[in-house]
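Taking it in order: structure first as structure tokens, then the write-up.
Order of writing sets the labels: A, B, C and D. Residues in every chain begin at 1.
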Amino acid sequence: MHALWQGLELMDFSFSQEQEMLRDSVARYLDKNYDFDARQALVSSAAPWSAEVWNQFAELGLLALPFSEDQGGLGGSIGDCVAFAQSFGKHLVVEPYVSSIMLAGAAIAASDNTANLDWIEKLASGEAVAGFAYEEGAGTAHPGLIKMVAEPSGDGFVLSGEKRLVLAGADADILVVAARMGAAGPVALFLVGKDADGLNVSAYTTIDGRSAANIRFDAVAVGADAMLLADASEALEQIIAKAIIVQGAEAVGAMDALLSLTAEYAMTRKQFGTPIGTFQSIAHRLADMKIAYSKALATLTYTAALANSGAITARDISVFKGQLGKMGLAIGESAIQIHGGLGLTDELNIGHYHKRLLAFDAQFGDHSYHLRKLGQR
Amino acid sequence: MHALWQGLELMDFSFSQEQEMLRDSVARYLDKNYDFDARQALVSSAAPWSAEVWNQFAELGLLALPFSEDQGGLGGSIGDCVAFAQSFGKHLVVEPYVSSIMLAGAAIAASDNTANLDWIEKLASGEAVAGFAYEEGAGTAHPGLIKMVAEPSGDGFVLSGEKRLVLAGADADILVVAARMGAAGPVALFLVGKDADGLNVSAYTTIDGRSAANIRFDAVAVGADAMLLADASEALEQIIAKAIIVQGAEAVGAMDALLSLTAEYAMTRKQFGTPIGTFQSIAHRLADMKIAYSKALATLTYTAALANSGAITARDISVFKGQLGKMGLAIGESAIQIHGGLGLTDELNIGHYHKRLLAFDAQFGDHSYHLRKLGQR
Amino acid sequence: MNIDFSPELEAFRAEVATFFATAPTPAIREAGRKTTSVFAPFQECMEWHKTLFEKGWAAPHWPKEYGGTGWSVEQRFIFAEEYRKADLPPLLPQSLGMVGPLLIDLGTEEQKQRYLPTILNGDDFWAQGYSEPGSGSDLASLSCRAEPDGDDYIINGSKIWTTYAHHANRMFMLVRTSTEGKKQQGITFLLLDRVDYPGMEIRPIVGLDGFPEQCEVFFDNVRVPQSGRVGEENDGWSVAKHLLKHERGGGSAASPTLVRYLERAREAAAIIASPFGGVLADDPVFQRDIGELEADVASLAHFEKLAISGHSIARDPSFPSMNKTINSELVQRASVIMNQVSGVGGLARQLEALRVGSNVEPLGSEFDLISMPLYLNSRATTIYAGSNEVQRDLIARTMAGA
Amino acid sequence: MNIDFSPELEAFRAEVATFFATAPTPAIREAGRKTTSVFAPFQECMEWHKTLFEKGWAAPHWPKEYGGTGWSVEQRFIFAEEYRKADLPPLLPQSLGMVGPLLIDLGTEEQKQRYLPTILNGDDFWAQGYSEPGSGSDLASLSCRAEPDGDDYIINGSKIWTTYAHHANRMFMLVRTSTEGKKQQGITFLLLDRVDYPGMEIRPIVGLDGFPEQCEVFFDNVRVPQSGRVGEENDGWSVAKHLLKHERGGGSAASPTLVRYLERAREAAAIIASPFGGVLADDPVFQRDIGELEADVASLAHFEKLAISGHSIARDPSFPSMNKTINSELVQRASVIMNQVSGVGGLARQLEALRVGSNVEPLGSEFDLISMPLYLNSRATTIYAGSNEVQRDLIARTMAGA
């Protein structure tokens, strides 16, 4: 009877023609306008990111892509985002795509409160940028770990607590804030304007060159309309899962760059009269980098397809985040070791890729957290 | 004022002349009578160990060594035992020295009940052999984990439960048994004769060629005199600590053998027209083996000196057991890998050394147990 | 970019699972549970091979015209998953995975007609005569010599690490037919239609786990027909390289076996006490360690699924070497955690209890019985089929052009 | 075989601890806490050097006649332990640990009299000019050229990875004086009594952590006196090899620094919440990870104690290479766990808050401030002073005779 099943080809891991076109146009734009020198000039400038690049992302449709068509977006899939996000990693893009669009934007889009939907249009057009105030310090790997509190007050709420690593937090027009309804209540999401009273913003640059802020909320009062979702745990898990996949695609792009740059360096840099890549210790390190990259790429591709199919689970996300975080650090450390002293300089791009991978690993639960989560049944 | 302290040389890591003599005489005897072929012939024979070798150990004074002079021993130190135990490891000695002398014998010697002291003379002379019935399965890393129960009954006690990996257990004249006084009482030690009713002995050979047994105690009745210690936890910890150090010395002897055999093989075995040791992948593996061995040797030497000074703590023992267990496995696995197919045969000694190191690691808490113990403060 | 979870596939899974739940004999099941190597116990393994052949499922990865199933990628993966879930003995790779696919690709019509049917139905078992005492990772330096003599070759020399040669009735091998030029030249690929030729002697080698899995094979003026040659004389190296691709993976999925190893470790850990309290399965350190392994096995599964679906990752020239390296090192790591779970329970040598059909009860659990032999046997995985050092050399070499 | 814990030693420990508790200025203490490298902040480090010199404790490992303390092995170890417990900045190794001991061993009487006093009292800081852009691990291939000219040498070329050259007032360096014969021949070891010779230019290199720790040094027809030569012309390689032994350890103890790193990780973990509940310090996985590191650091301490007590382990020809390898890899592993403890807290770039005397408060804890720079900086430890690949080559080479 097995003939019945013949030829069921149900796994498709290739990008569609549209996805390839989008990927290629983003890659072309960044290759031309976002080389390492331009990126470093941007990072050391006073600007938190490039308004010009952001506008171009809007024109390419990237900012509108993930939003549904009835909210004014392009109804793109997670696969669409994965298609171009590897380029973001390759170019170490510092613009707040994931935080403003995939996290804060997606949270507004998931709101059952239509009062704030016009922000989506502003985000999608590039007119406004949003910050995602979620992280509270080492360990906010899961919405269940949120401690910041929102107390009802009159018609609205009062938010008190501290958020850390709010990307674009000092420059965003609005913040999406995760806070618990009372000490033991569900986690809710609020929209807070950048000029709200009681916001205490400490701006800084991250080790990977992105604008960020720690934000203390000293009894910040918001109206009833500011509440996006009264019980946001499930929505947050889904939103963060998608953001992790897109950040993972960026990380794989960074790994890809490290792999090819390091292989090339090893074949040209000579020591003891021969390219260092001919030494077995270096050759085997390169092989291990290649193996790690191939595993990371396979897991990215499979997980993105799974997410596209809507069949993704928390376990799949933990495999993804755990593996890519771990592989990224291993590849980065090897790339530095093979580059020797050069790999330790601020001047070369190698260390900057590694810092991006360090930042990827630390956010939303590091690899050790996720791998252990897998061990719990 | 610092001149006051000048020249305080307080660490002495060398063996005394007497220790060196003892070490050399044991090494000479084993070199002559206990080569790998002889050892393998012994292991595949029906005998659990060699009576002749055991007698020779008695004549060399090894069996009497650790017992105090007023109990008829030689009053040797832990350093004395470490001096020759590395040879035991090098020759993969299967005779039950640690179990009969360092564990069971030491337990009888620590008894506050003089009724059983004549056994020490028999053990020290080689006339009798004792088994140490302590282990109860994966995880008896500490006396606190003993579950076997002794219930008072008439003048004596009734022992019920199961012991595993009792070395020499099927051939010993007597067994020293650790059991808890009731479900929550202290751990006590008992002396049980080999012919006691209710003993159910399953004899086997260990992977490293030693005679062992799992022993079920089906309500084994013993007299009041059989109790060696009513509360033995502290004594057991000290006895086991010393046994671990001597077993560790054996393990370091095995590592030493693996290191030199493997280095020699790598320099003679040719592939691709050159000794495999000239390939950097093999050379670096050898270097890692050498580093691991040097760390293990340093920790053995330091810990033995510490034990000799009476200043050793449970933390020192955990460092010792954790490090030596881990290093041993790493060295054994590398030795096999470098030997290739040959290292996987029963015919060559390499795999047998590795099995000894596997057995060392598994007993009294494996390396993962001890390293984690260190992490607890 | 999509993965479908169609009801048809779930029905297929149910069909496979039902067959696996009903068809194997108790001895086959026991052999599956007691498999502590890539190579399952021979007799029961071949019996199961025949059962699968009857069902038409002996060689899912073969082209349909030669007896393959014509299944989709996802079906093949489901088949492999259910196979391992049921703890059934894996079929031996030498015949179905190596010489069979090779003959399909490169054999003469006569060779195909003569050998493929009995490879498929399990009547034959082929041994692989490659390594020699002097040539391990440096396979091309082999020196076992075949001199042409009329329609025959006369073979002199020896082979080693010839798995299950003492069970085999046929053998494929590499011989040296010329010492001219580079060492890779002058090698010829031969099929031996029997292993009891006069002058042939097979001596089993006992391994660390106590089992005679490998053999030495000696050739003293052994006369074999030249018709067994695959490819041209002195062109055996390219034949062997073609075959190596099959040996180093791509055709089959290794991750389901690893998933099963870890499941067995979890099952055992669920009843073994942790020295830190509770059972081992609830111990955070065990959870982190096994979680880390499970994630790596998941990545291998992704890698394999991409590969068998034709993703470009499988066309990377270093794919076979990467696949072999990842798989072999995961097998070793899985066996380490299994052995840690057993702890002292793994220290008893229990050869007789391990035998299928033995009436000796294991001393502890069946898990404790297999964990140490599996650990010891798995030390071979990074050595055979081209040591992992050689694999990494090959991977790095493909990057040189980058 | 014995270790004494005499009351005299405990009294010595108390004396040292008291001095460390009272002598350093607040700026020196701050510099100690903010040290994220082998190389502490320069200014406070030299200030502390002078304080130690006043006390007679600047160079415990030097022979007494040159200003050493004459302490026993155990005293030196106790000194190192208390030093790190107090989080004081380590003195810079180039002067006291390298060129000083070298001059004591191989310098002329005049060189000793001229240079040793101001090395000891901290007036001078010497930079080490070894590596060049074209010669990293292959140091002997260096090409920075010195041509004899009367009583001088004329130097042309450049050096790189010259730590703190921008802070130095003197420099020792290797130059090529001949291109005949093997590349190791024709190298000369030179002392430069100043670094502001006409034609010398020092350019700092910013590292991954954002600090200019390393420099490039350019030489354009720089004329220096030949009297600065140590050893014979063209015999500088053997001088450098002698010095390497000092650089790669044996004289000092690295384990107390590692102990302190792990203590700081524990202190931070005691107040950081684990995502699995409670504080991180009570988390079993953290405990296993840090316990594993602590055990390895303990083994290094044993190794170091044996070595400084004259045990035969220190006479192994591969001792310096083993010491360097063990130490550098432990520093990296310790920095990884520190960085894991900080988590997202380590992602802020805070150069200004890290500066000693800064009036910028750190964003999180002082631990979060240092963990990432320390992690990034420590990637250098397996690269400098002979990469660990080179060290392993050397170790293996000493085993070849085994």
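The rule is simple: a residue touches a chain if its C-beta (ideal position, glycine included) is under 8 Å from a C-beta of that chain, and two chains touch if they have at least 3 such contacts.
These figures come from a predicted structure and were not determined experimentally.
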**Prompt:** When the contacting C-beta pairs are counted for B-C and for A-B, which pair yields the higher total?
**Reply:** B-C
**Request:** If we define chain centres by averaging CA atoms, which chain lands farthest from chain B? Would you check?
**Result:** A
**Request:** Could you give the separation in Å between the centres of chain A and chain B, each centre being the mean of its C-alpha atoms?
**Result:** 53
**Request:** Measure off the straight-line distance from the CA centroid of chain A to the CA centroid of chain D, and report it in whole Å.
**Result:** 38
**Item:** Contacts with two or more other chains, residues of chain B listed in rising order
**Value:** 279-281, 284, 368, 372
**Fill in**
So chain D residues touching two or more other chains come to 276, 284-285, 288, 389, 392
**Request:** Report the residues of chain B in contact with chain A in the complex, numbered from low to high.
**Result:** 279-281, 284
**Asked** Residues of chain D touching chain A in their complex?
**Response** 131, 135-138, 141, 160-161, 205-208, 210, 214, 272-276, 280, 285, 339-350, 363-364, 372, 376, 379-380, 382-384, 387, 389, 392
**Message:** For the complex, give me every residue of chain A touching chain D.
**Reply:** 135, 137-142, 145, 164-165, 202, 204-208, 212, 214, 271-273, 279, 281-282, 333, 336-337, 340-341, 343-347, 351, 354-355, 358-359, 362-363, 365-366, 368-369, 372
**Request:** Quick one: which bits of chain C touch chain A in the complex? Just the residue numbers, please.
**Result:** 1-6, 8-9, 12, 15, 56-57, 69-75, 266, 281, 284, 286-292, 294-296, 298-300, 302-303, 305-306, 309, 311, 313, 316, 318, 322, 325-326, 389, 391-393, 395-397, 399-400, 402
**Request:** Mind listing the chain B positions that touch chain D in their complex?
**Result:** 1-16, 19, 77, 79, 82, 259-260, 263-264, 267, 277, 280, 283-284, 286-288, 290-291, 294-299, 301-306, 308-309, 311, 318-319, 322-323, 368, 370-377
